[in-house]
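Here you go, one structure.
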Amino acid sequence: MKAVYGLYDDPHVAQQAVDNLRAAGVADADITVISSEPFDHFEFGHRDAATHMPWIATAAGAVGLVASYYLLAAAQMSWPLVTSGMPIVPLWSNLIIIFEMTMLSVIIATVITLLATAGLPSRGGKMYDPEVSDGYILVGVENPTDFARLEPALAIPGGRVKRVES
Amino acid sequence: MDRRHFIKLTAITGTGAALTACGNPEHQLIRFIPEDDLVPGVATWKPTICPLCSAGCGVTARVMEGQAEVFRNGQPGVISMGLAKKLEGNPEDAISQGKLCARGQAAIQITYHPDRLANPRKRTGERGSGQFVDISWDEAIKELVGHLDALAAANSQASLALLTKPRRGRRLDLLAEWLRRFGAPAPVTFELFSDDVLRRANEISFGVAQLPTLDLEQAQYVVSFGADFLGAWNSPVAQSAAYGRMRQSRPGGRAKLVHADARLSQTAANADEFVAIKPGTEGVLALGLAHVIIANNLRPAAAAGRAGAAIDGWATGLTAFTPAAVEQRTGVAAARVERLAREFAAHPPAVALVAGPPLAQSNGLFTALAVNALNALAGSLNTPGGVSFVPQPRPAVATRDLSALLQEAAPKVLLIDDVNPVFASPASRQVAGALMRIPFIASFGSFVDETSALADLILPDHSFLESWVEAVPESGAAKAVPISAGPVMRPLYDTRPTIDVLLDVSRRLATPLAPALPNTFEEFLNREETAGVLRAGDSAPAGQAGAEAPALQYIAPQFDGDPTQFPYHFLPYASQALFDGSLAHLPWLQELPDPTTSAMWCSWIEINEHRAEELGIHQGDVIEVASAHGTVRAAAFLNPGLAPDAVAMPVGQGHTNFTRYATGIGVNPVAILAAAEVSGTTALAWSATRVKITRVGGPDDTLILFGGATRERPEETHGR
Amino acid sequence: MAYRWGMAVDIDKCTGCEACVTACHAENNIPTVGAGQASRGRAMHWIRVERYYEGSFPDVRLKFRPVLCQQCDNAPCEAVCPTYAAHQNEDGLNAQVYNRCIGTRYCANACTYNVRFFNFFNPEWPKPLHLQLNPDVSIREVGVMEKCTFCVQRIKAAKTEATAAQRELVDGALQPACAQACPTTAIIFGDLNDPESRVARLARSPRGTKLLEDLGAEPKITYLQKQPWHEPDAY
Amino acid sequence: MASPSRKIGRAWPNWALAILGLVTVTTAACTFASPGQPSGMAERSRWGTSAVFTPAHATAGDAIAAFFDSRPDTVAQPFDFSHQIHLGKGAVCTDCHTGVEQGPRAGIPTVNTCMICHSQIATDRPLIIKLAEMQEKGLDLAWNRVYDYQPQAHVRFNHAPHVRAEVACSTCHGNQAEQTVARRAVDMNMAFCVNCHKAKQVSNDCLTCHY
Amino acid sequence: MNRTLTKPIADDLVRPLFQTSVWFYAIVFAAATVVACGGAAWGYQVWNGIGSAGIRWPVFWGFYLVNFVFWIGISHAGTLISAILRLVNAGWRRPVTRCAEAITVFALMIGAMFPIIHLGRPWLAFWLFPYPSAREIWPNFRSPLAWDFFAINTYLTGSVLFLFLPMIPDFALVRDRSTGWRRTLYGLLAFGWRGTTRQWNRLESAMQIMAVAILPVAVSVHTIVSFDFSMAAVPMWHSTIFGPYFVAGAIFSGIAALIIAMAVLRKTLGLEKYLLPLHFDNLGKLLLLMCILWAYFVFAERLTVWYGNEPSEMAVFWASQRGRFAPFYWTMVICNFVIPFVILTNYKTRTILGCVIASFGVLIGMWLERFLIIVPSLATKQLPYSWGSYAPQPVELTIMAATFAGMILLYALFSKFVPIIAIWELKAGLPSRLDPALQVETSLLSTRLDTEAFSSEAERADRGQP
């Protein structure tokens, strides 16, 4: 993995580094910003914010709803036993389980989507610096084509540039 | 391995690994060849007779094949044999009519009781210490024969006594005959709740010393004076069956039941009208009714005939028993007496019956005579819907009562045939002390109880299911006939039928009894079969035999104990489940909720709920009941159906030595009774004691009630 | 061949003698639990005779009412069981399938009649009391709920016998142990689907009511209320 | 930061003892304070080897084995009775298992049944001599059941109606003509019963078997 | 500039993971011992039979079910509160959410054990799982106990994930600061988290969706727990009010548990800088709100019963109002209403100590409330002949004590291995980090948060430090 990145203490400086990289012709998708907290109010924190996650969750809920209805009905019909004079497939009481299964589908779909889209769990080998945990913001490019062109863009006051070549 | 097993496996892996299989090699018993030819799993029914009370209900036992551990030839082993599984009323039997009471159902547990004696025992320790050693039948019989031979040698055959239950029948006949041939006096019978007073009264009134049969089925109006005829008195199954038909199973509507008592007994609970009355004054009420009937010319006084003649002042219209006078003595309002009398007269056939507490008063004989006279007045004798007497095959054998053992020259050898007078007698009679003085006692019961614990030799009987049984029901059906039945199942243990043992002994004596008695009871029964059978439908010989007695005058009941010091009447009563305590060893009956209280496994003291409130006594509080002769402590049950000046207690608990299920449970109210007799008889006046009560402390959790609230509707609504 | 087993209990005839209770114990292998456990509320009586006092001495009454499983059509116990151990059988019985029972005891709570009993411990019958056990009836182990079955083993045996003999069941020939023992014949058992059966006729009686009828469980036991005595002349 | 932990660490055996002690005390307290089965009645063995009759398993091992329905197919018998030989000689099942047409149980023959034939046949064989001796002493063979249900299954089975319905013995018991000592040839689980009942269109109500 | 602000926060909050006091061992040891006793008691009960407990005819449910409902109620502390606060974006939630959610998870785990502990045959508990256990017979989905299974499992799954997802960045932080086994452990737990903007955005989106999803689940869980009772025609159970009544009670007791947990953490882990009087004040107000709501429900329930005057219900009513359960009832009223109301309405007493006292009252009161719902009703059903009583046995008391000890144990271990305050959320909530427009709103909500905790920020700014 090869990478070049800068570590910045100040999010404003990090924003500047991101801008510099863009100016240096790096595609937005190739710029990686790593931090130990979300920066919702900086432009770099908003990159990649768009997601279909709510829609996926909703769809999963719908699937869960339909599936649990049929699961329950099939289970109740498989050996129809009468209790308390209720119908074999009683909708009122099944609704409770259908609801729970729907919500469970939503939750699990959300988590799976999160893991899938956030690349988790990951086995490492990606650009990272433990100093991020100390509060630095990492702005860098993974597997850059040209270190020389990017380093100046990252080397701005309030930041340190690091290069990984291994 | 399917899904289910897989999940089971995961469920148990953790625990399963920890629990290792620790082997349990069951000791291998040898297996005997079956003696019966039964299809396994298929039930057969065999007739037998319930032995628990004198009613003599014919029952059927459901017999199925099962694996039992038994003794055969002195060796334990397993056998596949026919086992009685359940007792049910015999539909062909005139008494039980296919029905059976709770006690009868539980009789089967006698046979399978874990503490039943399996073989003969001889006393080793001090008398009463309960130390016995198992011996063989040969040794046991030899020992008994030795003692009898010694009596014969000393020419004191009269010092032999036999104590048994007052069960009329051929077994008692044979026992009496055995004694007679040996030269011993008549058998001594004992039963706490005996009906000797009523028999004596019937003899005086009707010339029949016998319990009556009540034709409830056809009666229109029934007045019961304390007779718990639906509970434990006389022939409860037959009486209940008739009661059922009296209530709802016949055309012409439902009869009325009036019950007079000081306590709301189980029978009283079923009455249409409960008449609360002062203890011992029931006879007054009966004569009050008679007075109204005679005075209003509803029936002629002469109609009562001999029964009326037995009452002083009958012929002159019972002038001392006007409703006003009755009210004063009994506490029953005069108008009510008047109304009851008119109803009684207006709804023939009307019948009155008396038993239980009224006859256990000092004036019990008078009370019985008064009720008999009322019946006779109403023309209810030997009529449909009245009282009648079942023809008996032969006169009852002469017997003696317990005082024969206590007062007269004490016997030297006593044979006890499954009776427990030590438990069921007032402590003041000192029965145990009397028995201790008898040199040799042999007991034939199946269990160690307070009495047989004093024996020198215990020769355990077969259970009734294992032996030949017979009964001559004295009452219960219009046309009862003697019944007998063979064993239902083979014996489990090394036991022998008592009567066969005695017959065996009679041949082994140094001078065998002559002329020889039958070899076995079975032989005796089958020999008798053709002889003394009564023709069905024989009418009763009422008003025939028996000596005329002088007319009896009313005397107020005498109570033991000064009313100021002992303000409460003490009313012990036969427990619906445990009867007189002889059934306290049967776990089903111990756990049977008492009908009126729902109590199980305990003794309790009933006290009027309002009186309890005044005294600060709450449900379950421990209270002490003290008579002049002793005290007992038990938990209080607040009973809305008891007179405020009385406390009641069920008899049955308080055993000190009677199997694992009865020992140490509850207290015995009989112990504190005065040893008073019903005047004119030798019967114990068990309802004539006065007591005082003291609250000892809070609940000690001995009051075990199955049921909760005693009232159906919660009383509190809104803010009240 | 569809049966609908029902019962009629004539309160006017019931004397509270409890013969039914012992009969039930004998027939159905119901264990006795002993004084210690009984005092802790573990006694089992599939049928019980409730006693209720009314008024106070001397104007006091005592009512008896045998209560057993009412075999409700809309049984509150059934739906709450998570394992179908309690359900309606084809003959209209409230089946209690012991092997399915995991002991949530929910059914017993839901039962408005409190006629369900629980095996808090393994039952025991000290030898040789176990010889008396009815081989046609299961012995329920610890953790299992049990209740009146209308003597299903008798129903089953009678049906098998009838099938073998190729005939219909005769009304009255089949009785549960309680009805069989009842000295006053206060308990009548039979097929409610047969309009001419004794129980069906009694179920239509004007004296008939159902226990806690307003709760809507539709019990199959009819209680025939006590009929007060009145002078025949009064009519 | 590490020192306290090390100190505690050394004291570990004492901890263990303390916890163990408390656990023991709790169990003991429970034992005494909440009595097990009916007090004052038969002594109850808490550890599963009670001498009194109960449907519980005698040992933990039994319980686990029953939980998994894992039982050996073969059952030890007092001697090796060969079904193959007897059926080969023309005997039929009901000759010895006489109860099968009349009631719930087929019944296992007693020595008397054996001796009906063997008082004449093959009287010189050692096993038959042994049988004759046993009959003389009044002793029976302690056969062990090959087929039965766990008490926990609460299954009631009645042979007679099945025989009447012409279900062949071999359906449930395998071909005994091929077996010497009887062994469990058919796994009689609930599916086995239910499938047959479905096929024959007879009741599959739970109370048909479970009561 | 950023680092100097955030590093001390991270240092403070990570410190408990690396430093262990003797007290920690003492607490863990004591709690573990009690838990072990509970385990032994349960083992005893399984071996001998459920009769070791005090349950009886007709009170077939006793302490076990009381504790079940109680703990499920406590579980409403976290996820529900945290989800609500997350959705309304209440700034002051940030230090509170994780310790609240942890309560949820642990209380649920403890609560969910009770239905198994109380089973007559617990070794067959797996028959409740939705699978065709025997010949195509599934569990009976009409049974409220089957609903419980689904509801509790959904809520537990959701809550565990809701707790775990925001922990991932903090695990990554701990991973980077630790060595040896800790590094391996936290490395595994961190799932290879780096903190890219994509990851942050997805995490925050997921948390929003989860918050939306978990709210109705949380409400449904306690509603379904209430259905365990209200589905049975038992006097004073068969009530439509039970759903909201139970949910309100659950939140009520949950907040109380949270306040106590926070107060303990604040002292033991030295979090005075993060768990401020403000938090207790806010939670105290919430507790007061729930207290009033609870009182309203009790009044509504009791009034309708009293007014309806249905005999069987009146029996239960009076049994608790002035009968044998009255001491418990009035204790409950005092603990649940009088004490919290008096303390919390007065801002002078609504201190940390005051809130803790009120919370203890509420916990006791709410436990009694569960007891008073279950036992008097069962003891006083329709047929008075079947009325009975109930007294717990040592087994039940031991197991109950063990669950409280278990909560302490789990919580102690949790706070030992996980930063008990979400570090990244706290950092992200720093005022300077917020959108200026939002800053106004947040500062209104958390005036004192600004002035007290983050005065250092201002100080540093004054000193001109970066």
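Chains here go by letter, A, B, C, D and E, matching the order in which they are written, and residues are numbered from 1 within each.
Going forward, contacts are C-beta pairs under 8 Å (C-beta built on N, C-alpha and C of every residue); 3 or more make two chains touch, one makes a residue touch a chain.
Since the model is a prediction, treat every value here as computed from it, not as a measurement.
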- Item | Intersection of contact partners for chain A and chain C | E
- Task: Trace the shortest chain of touching neighbours from chain D to chain E and give its length in steps.
- Result: 1
- Item | Longest centre-to-centre distance from chain C, chain (CA-based) | A
- Pair of chains joined by more contacts [C-beta pairs], B-D or C-E: C-E
- Message: If I average the Cα coordinates per chain and compare with the overall Cα mean, which chain comes out closest?
- Response: C
- Would you mind checking which chain's C-alpha centre is most distant from the centre of chain B? A
- How big is the gap, in whole Å, between where the Cα atoms of chain A centre and where those of chain E centre? 28
- Item | Whole-Å gap separating chain A and chain B, where each centre is the average of the chain's CA atoms | 87
- Message: On a C-alpha centroid basis, what's the spacing between chain A and chain D, in Å?
- Response: 59
- Query: Touching two or more other chains, which residues of chain A qualify?
  - Reply: 81, 83-84, 86, 93
- Message: Touching at least two other chains at once: which residues of chain B meet that condition?
- Response: 8, 12, 41, 114, 587, 598, 660, 665, 707, 711-712
- Task: Could you check chain D for residues that touch two or more other chains and list them?
- Result: 36, 40-42, 67, 104, 158, 206
- In contact, pair by pair, are chains A-C, A-E, B-C, B-D, B-E, C-D, C-E, D-E
- Query: Taking the complex as given, what residues does chain C use to touch chain D?
  - Reply: 32-37, 87, 89-91, 93, 95, 97-100, 121-127, 129-130, 136-142, 149, 152-153, 156, 160, 163-164
- Query: Of all residues in chain B, which touch chain D in the complex?
  - Reply: 5, 8-9, 12, 16, 19-24, 26, 28, 30-34, 39-42, 72-73, 78-80, 114, 587, 660-661, 664-665
- Which positions of chain D touch chain E when the two form their complex? 1, 4-5, 7-8, 15, 18-19, 22-27, 29-31, 33-34, 36, 46, 67, 190-191, 194
- Query: Given the complex with chain D, which residues does chain E contribute to the contact?
  - Reply: 18-22, 25, 29, 32-33, 36-37, 39-41, 43-45, 47-49, 51-54, 123, 134-135, 393-395, 398
- Query: How about chain B: which of its residues touch chain E in the complex?
  - Reply: 3-4, 7-8, 11-12, 15, 598, 707-709, 711-714, 716-718
